[in-house]
Structure formats: structure tokens, C-alpha cells
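In C-alpha cells below, several structures.
Across the two complexes that follow, chain A remains constant while its partner is chain B and subsequently chain C.
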Partner chain A sequence: MANTYTKIASVSVGSGGAATIDFSSIPTTYTDLLIKVSSRTSATGVAENLLVKFNNSSATFSNKTLRGSGSAAVSYSFTTNGFGGFLNAATSTSSTFGNTEIYIPNYAGSTNKSFSSDSVTENNATEAYALLAAGLWSTTTAINQITLYSDSSGTIQQYSTATLYGISNT
Partner chain B sequence: MTKLTRLEVNCTTGEVQEIELTAEEIKQRETDTAIAKIEADERAQAEADKLAAKASAHAKLAKLGLLPDEIAALL
Partner chain C sequence: MASTYTPIATTTLGSAAASYTFSSIPATYTDLVLIASTGSSFSSSADAYQLTFNGATTSFSVTRLYGNGSSANSDRYTTPYAGWISTALGADTIHIMNYANTTVYKTAITRSSSEGTYSIAGATAVLWQSTTAINSVKISGTSGNLLSGSTFTLYGIKAA
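And now, the complex of A and B:
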């Protein structure tokens, strides 16, 4: 990893699980942000959507995603939530986790915020996912809080981790 | 019933807190989930429609005499 990456904060989910992981009071001193997530949810199924909020808002997000499932490839759009990637879900192989990276350039600027994600799930079966996503948060305020949560009322499970990095271009 | 909590990391101080969701936050979570479910159902339907259209196209091309490899090259 380039030496312009700085770990801002890291968190590991405890035994009770968590409805959300929030990075708050994010300093504006970096150029870009990168979030690395290893996560599993209590929601049913093999995989579940990992959603994001910026500044506690789920509004004005749009997204285009290309996803492979192990047997087919599809593309689709999200228009009502911030889409970050996938978490492994309850029926995936036990003790495995989905991996996701979310990159947010110019997070502290005064223009709309674009972001990109790449994400995979793990499963010892045919059905497992890999995806690339492009997202836009059509809001011009600087991002000072990022929330990660599982779709479908699932909670993020123990041993899930999330690390936030700041990236400077100098 | 297990209480819902959020794990908040203050990036300035480094402090990590496990905070129980307020009634308002639980309500917002339910709203977010309901919205996400609607969109997920729409995506699933769109995927099913696309697969059905592909199967239909496959059958029609086969009736025209195309070989499986030729159909696979088109679809």
C-alpha cells in the first residue's frame, strides 16, 4: 500500500453484533477515503447488501452495479439507498466473511461525491458473488460520517471488521 | 429480545462506543429496510424477466435451426 495511506480508525464487532458501524468526526485533512470491510450478517441467504449512509443520510444516492453469481452475470441499479457491496449472510459457509473496498475520492470537497466499490462473498458452494459498483451521492457537503449496515434488518456479526484509511495525494 | 446497537468510532478521538439505538433510529432502520426490500424485489423481478426473455429467445432461435453453439454466440 502506498505510503500516502493513513489508518484513521478500525473497529471489530463484538459478541452482540451491531446494527450499524459508524465512523464519525472524520477529519477533512485527506484527499480521499478508503474503507476496507470484512463482514457477515445475520440476514437470511448466502449474501446480503452492505449499504452505506453518508452524514447519516440515505437520500440522493444512485448506483450502477455489475455482479457475477457463479452462474450468471447481471447489471442493475440502486436508486434509494447507498450501495456499498455484499456481506456474507447466514446460509453461507460458517465463519466466512465477505470482503469489500469502498473508495471515496474528494470526500471533503464541495461537489457531489462519487464512490466505487468492489466486493466478493465467500461460500463453499456454487452461489457466491463478485461485484463492481459505481455510486454517486448527489450532495455537495463534505463527508464527516460514514455508516455501514446490512440490508433486510440483519445485524453485522461478531468478528466483522471495518477499517477507514485516509489518502493524501501529496 | 436482543437490543439493537450501533458501533460508533470517533475518528478524531479514536473512542469506540457501543450505543443502543433510539426509538427514532429503530424506526428509521425499519423504513430503510422497507425501501431496500421494495428495490430488491424490483431487481429480482427484472432479473427473472431477463432470464425468461433469454430462454424465449433461445427457443425461437432453435426453431429457426440455429445450433446450440451458434445460439450461445448470439446470447
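And now, the complex of A and C:
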């Protein structure tokens, strides 16, 4: 029987937080990658950007986002980094974490790498976000390392978790 | 451990094509998930990809929510525009619920991530008003061909 979803690695942030969550030495034996993230940052505000690097690169990314706040929907472009979604930030409801799913098809192929993100922040207040994002990393190199980090130099808080799955189509 | 995701079929387009069809889909799963990384030869604007179930393009109701980087929009069609494709290979997920159930209409949720000359992030709710079990799924561009190198994988999901 096929075992389509395989956990490659999981990270749970410990006391003191972490600047980044890293998955390295990702094997090329799968078809797609899926990352599930539950995260919170020390950055100010109710939400902050969850950024991604592939192979330690933050260059040649382009992203489009669609974001609903509970009162309006907006769309914007994001080209300065890889955009993975949102983290809950320091002034959101305490002990509350944002949820993000990043899907990367054909991560080991020789074409540019596209990815999609679904993300929500949760907050017992009027400002919270639901987001869809389209991303493209215009590099044909196979992805062997993924780094997650908070925008605005935030520290990823204790109890944040991220799990990387490999998905096989055979 | 139960294997709830089972690959049914996969393909990579060796050349540009108007469409790709998964046929003879077994009725033994609960839901279907189609993972597509595809793009369009149409470069004047973002292209919409369409879904065809069992060869039918009628009895559809589609509600779309999308952003192009400058504005957020929502619209509704009876043409099965199920998502967006652009000039670069994107990342699209199509989840078709209860596809083999012969007493309910068929619903699908799609998520599109098309990047390229005209990029879109969006989601679509699809209703096919038919109680027929789905045994084929076709994906096609509206204004252009699907790009060479496009990949399509169909998974069957079992609830138990």
C-alpha cells in the first residue's frame, strides 16, 4: 500500500524562542513537499509575515497574496522575500498561534519552483487574518533546505511547531 | 498506519496540450485530490483553467475569490472556471468531495497559485449539479494550451 505522506522532520521551538526554523538535507526522493506550521513571533502587532528561504536564498522570489481581515479583502504583491504566510504576533491574544500550510510541487525538479500558502492568524479581537498566497522562486535548483523566519526581526516563540512532509505520487 | 492518500495516476506533459484527462477513476475512494503544477501559453492576461466532469461542461455553479496583487475580487459563473494559470508553472490543489456518491450533487474546492506574467492567488467553490458518480476529470485552459512540463497527480482519499 502506498505511503503517500511521509514525515521528513518536525521542529518544536524551545524556551527562549528561535530566530529561524530550518529544514536541511531534504532528500530528493519525493514528488512534492508540504509544511504545516503553528507559529507566533515576538514582533509587534497582531500578525507578522512568515518568510521563507529556499537553499538559504531570499532572492528571486515573487508572490501575490489575497488577504481577508474580517472587514475587507485586499491583494498585494510581495517581491523582497519569499512569503510563506502569517505568524500571530506579540499583541494578539496570548497563547495563540497562527496556522500555515505551504505546498511546494516538484521541489526537486529542474523548473522554477512554485508554491502556495494558506494561512490564518487567530485573535480574540476584531483584527485577524485569513490569507491565500501564490509564490514563485525563479530558480531551477532542487530545493534541499527550507528556512522559516519572522519579518521585522521577530523571534519565533516557544511552542511554535513546524513539520515537513514529503509527498510521493507513486 | 492507514494509508488514506493513494496515488491513482500521474502524468507530466511532454508537450503543450489543450487539456489532460484522468479517466476510468475507480469509485472506491471517498474524495479526490488533484495536484496540478501547470501554466498556460496565453500571455495577454491570466488564463482560467476549466474542469470537466464525465465530459460535462454544463450544470456548474462556480464562485471565485481571488487577488492579482493589486485588488481582491469575487465573481460567479456557470462555466466551470475552477482556477487560474499563468505563464509559469503554478501550484494548484483541487479537492473533490464525495465524487462517487450517487445521491448528492458534487462539490469541489480549489486553491490556485499561479505566478508568471499575470499572477493570481485565489480559491474557488465549484458545484456540479449532477448525482452521477464522477469517473473522469478533465483540466483545460480557456485561452491557451497547458504548458509542456505540467504535472498532474490524482489522489484518492479514504475516510476510513
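As a working rule, the second predicted complex is superposed on the first by the 167 of 170 C-alpha atoms of A that agree within 3 Å, B and C clash if a C-alpha of one lies under 4 Å from a C-alpha of the other, contacts with A are read in each partner's own complex, and residues count from 1 in each chain.
The rule we apply is simple: contacts are C-beta pairs under 8 Å (C-beta built on N, C-alpha and C of every residue); 3 or more make two chains touch, one makes a residue touch a chain.
The structure displayed is predicted, hence computed values, not measured ones.
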item: Fit or clash - chain C, chain B, common chain A; value: fit
item: Which superposed partner A:34 touches (first chain B, second chain C, both, neither); value: neither
item: Which superposed partner A:128 touches (first chain B, second chain C, both, neither); value: neither
item: Contacts of A:74 with chain B and chain C, given as first, second, both or neither; value: both
item: Partner chain in contact with A:24 - chain B first, chain C second, else both or neither; value: first
item: Chain A-centred angle between chain C and chain B, computed on Cα centres after superposition, in steps of 10 °; value: 100
item: Chain B versus chain C as contact partner of A:4, first or second or both or neither; value: second
item: Contacts of A:13 with chain B and chain C, given as first, second, both or neither; value: first
item: Which superposed partner A:62 touches (first chain B, second chain C, both, neither); value: second
item: Shortest span in Å between Cα atoms of chain B and of chain C, once chain A is used as the common reference; value: 8
item: Touching both chain C and chain B, counted on chain A across the two superposed complexes; value: 74, 76
item: Sites on chain A touched by chain B in the complex; value: 8-11, 13-14, 16-27, 49, 51, 58, 72, 74, 76, 78-81, 147, 149, 151-153, 155-156, 164
item: Footprint of chain A on chain C - complex, ascending; value: 1, 3, 5-7, 10, 35, 37, 65-72, 74, 88-93, 111-116, 119-123, 149, 151, 153, 155
item: In the complex, chain B residues that touch chain A; value: 2, 4-14, 16, 18, 21, 29-30, 32-33, 35-40, 43, 46-47, 50-51
item: Chain A residues touching chain C - in the complex, by the definition given at the top; value: 1-5, 31-32, 62-68, 73-77, 103-106, 111-112, 114-118, 132-136, 138, 167-170
